Amino acid sequence: MIQDLLGIPPQALFGQLLLGLINGSFYALLSLGLAVIFGMLHVINFAHGALYMVGAFVAWLLMIHLGIGYWPALLIAPLVVAAFGVLIERTMLVRIAKMDPLYGLLLTFGLALVIEGVFRHFYGVSGQPYPPPPSLQGGTNLGFMFLPTYRAWVVVASLVVCLGTWYAIERTKLGSYLRAATEKPQLVQAMGINVPALVTLTFAAAVALAGFAGVLAAPMYQVNPLMGSNLIIVVFAVVVIGGMGSILGAVITGFGLGIVEGLTKVFYPEAANIVIFVVMAIVLLVKPQGLFGKA
Amino acid sequence: MLSVRDLTGYYGESHILHGVEFQIAEGEVVTLIGRNGVGKTTTLRAILGLLDRQEGSIRLQGEEILGLRTDRIARKGIGYVPEDRGIFASLTVEENLLLPPVVKPGGLTTEEVYGLFPRLKERRKSQGTKLSGGEQQMLSIARILRTGARLLLMDEPTEGLAPVIVQQIGSIIAELKRKGFTILLVEQNFHFASGVADRHYVMEDGKVVDMIPNDRLEAEREKLQQYLGV
Amino acid sequence: MATETQTPVAAPAPSGGVGQRAWLFVSLIALVLLALAPFVIYPVFLMKALCFALFACAFNLLIGYVGLLSFGHAAFFGGAAYVTAHAAKVWLLPPELAILLGTLFAGVCGAAVGALAIRRQGIYFAMTTLALSQMLFFVFLQAPFTGGEDGIQGVPRGHLFGLLDLNDPYAMYFTVLAIFVGGFWFIHRIVHSPFGQVLKAIRENEQRATSLGYDVSRYKLMAFILSATLAGLAGSTKALVFQLATLTDVQWQMSGEVVLMTLLGGIGTTTGPVIGAFLVVMLQNYLATTALPATVVIGIVFIICVLVFRRGIMGEIGHLLRWKL
């Protein structure tokens, strides 16, 4: 039997750490997408949280109406969100492409209101339950804690997707187009690459990540129209803390802050809601450009 | 190969090009010369469809390309070496080199390119912008040789480089000419231009005002110096 | 890269403008109309609109004249409302002191948030203000004195300066009107002062303002504090009008609403935020009577404003007439 650490039973400590890691998974997946979008489109996508919610809802609707389960949903829902992203980018974001990024923030803010409002109108504010797939139910007793299988899966799946995204951007040909177009879009287009299509693809892929996160979240939390809006503000803080210059930076910051939040829940639960904002304030004081930001 | 007629071009509201006209035959090396700010860079950008607005006619091997989207124009077989060299900081030297997609058959292989630029091979894992100015210029030229583009637009490839490097670039351009590339070269370095080009188009205030064959350069030296304000 | 940037602030208006006397005339008419309005229109509606109008003007001081988009002004508006409500209800302070305390509180919060946020620029500034205001939201949610989800209800309006019974709707209305006019006039003075000129110089070109020797950060911070304080004044007043302070006023949606009011009326125009506030409040009142989901409609208005109507109403009119409004 492991001794209580600092008077905290290990069950509680590791349980909260795991929850922290899970929140961190969502922070990482979402801030990663925000960073990629910002690099290419110079837009901070306020609707990212709403699209995360859409991902969860698509999974739930697939289950309710078509009897399609978790595993197919994990693929279909991100694709649906990506298609929606293509629509958003082609009809709206292209029109403000050369303007001050603040317009992008305002536009996607309006979009977030619309998306959330529509879902709230049809599905109310009470959450809808979504069961984890049978293969991921139950858990393992590790001795010092009970590890629910689904939670372990969420952490592993997000890590894999985050690292996969990093690999795709930093190590593949398509990724080199993306990096180059982030720097000098006109020159990349003058090499014969269809940059507008690349921009659309980037946006679609990044919001698909949000949709994927939404499906992962569905069995953890209830599927709720408002699940994205509070999350996105925390993710903004994560982005301010990490800076948007580095993919791995976004991932590390996301997971790290999730853990910080989890630990705060153990040691000082009253502050758990605000600890990330406090960290942001400290980072602004000490290193205003963010931990991984370029000065 | 390339025929530009009555080309006008705008950046936003400002009218920069006022009816540019010139032609280049297959296999020729032709320069655009003129003082700073007369519109040489803008002319190259207009050919690639990179201005806010451009009118007139640009024909590539008889086919009108004005009005096409930039990437379509590039895929007709035009390679571009921009004024600032356009090396990507987030890409390695090799990624920079392999970035432009092959648009036509007949380009150099990567090994041939490395043969021409051995220094790039040595440094292929470095970050693109860690190269020296001369190496960056080499990289900027090298990467469009793989693509199969037969018309190369080079914007002041010698600017700010040491004389030995300028010489190397001169011999590379001569080598490319031997290989049959057609080259439109923007130059301020008159001495360099005379060493590599067949003909020189002189620009003033957004127009081509004169054409001087290279063999007449000595004879027209005085006129040219007036154009260039030296 | 060579993107043309267009700042979301009114383009420098064509010079000339409307004559001083014409302005005075228009202002007088507006004042007379506002004075007569409560006899025709519900005073509560008017008071609500005036509070939001002041809120939007305060917000506009920042985005319109310094080019800073704060996405966290609800914290000042709603925070001040809480303090005023608490002061009036629990400490039994008279309304003028309750409002003063709320306004001061907003100013202090503004100093703290502003000092942090101005360390970043542009889009990061907006995200930072949003995040910090969300932190304040959680503080208010958990603080014992705010009454959690219920808020502070039944706030007594009291007697202004011990004399004027604010329970009389007209007394309350004219108090609100006086506060609004005072705040509006104050902002007008700030904008046209030498201080305001420096702010505009910062908006046009921050580097240049720095090289001219201005301490840009100090000016930004001052502007932020002034803006937050005035937003607080609006929130405090609203708390007395509705005798209520709730979470609604500190939520991020409220920060978005004030952005919309200003955008719709015309960022960087003098009267635009007022018109925008009246329109949005009217729209919300109307939507409350229909089955339409309000957030969807508000969101659509937002999108339309950004896509096709960036100058806002007064900005468009000014552009058409080549006037500075």
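A, B and C are the chain letters, set down in written order, and residue numbers restart from 1 in every chain.
By our rule, a residue touches a chain if its C-beta (ideal position, glycine included) is under 8 Å from a C-beta of that chain, and two chains touch if they have at least 3 such contacts.
Source: prediction; values computed, not measured.
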item: Category of the chain touch graph - line, ring, star, complete, other; value: line
item: Chain closest to the middle, measuring from C-alpha centroids that were averaged per chain; value: A
item: Chain centre separation in whole Å, for chain B relative to chain A (CA means); value: 44
item: Chain centre separation (chain B, chain C; CA means) in Å; value: 54
item: Distance from chain C to chain A - Cα centre to Cα centre, in angstrom; value: 32
item: Residues of chain A engaged with two or more neighbouring chains; value: 183-184, 186
item: Residues within chain B bordering two or more other chains; value: none
item: Residue numbers of chain C (touch at least two other chains); value: 4
item: Contact set on chain B toward chain A in their complex; value: 48, 50, 69-71, 73-75, 80, 82, 86, 88-91, 95, 98-101, 103, 144, 147
item: Touch list for chain A against partner chain B, complex; value: 173, 176-177, 179-180, 182-184, 186-195
item: Contact set on chain C toward chain A in their complex; value: 1-8, 69, 71, 116-117, 119-120, 122-124, 126-128, 130-132, 134-135, 138-139, 141-142, 252-253, 256, 259, 263, 293-303, 305-307, 310
item: Of chain A, residues touching chain C in the complex; value: 38, 42, 44, 92, 95-103, 105-107, 109-118, 120-121, 183-186, 229-230, 233-234, 236-237, 239-240, 270, 273-274, 277-278, 280-281, 284-285, 288-289
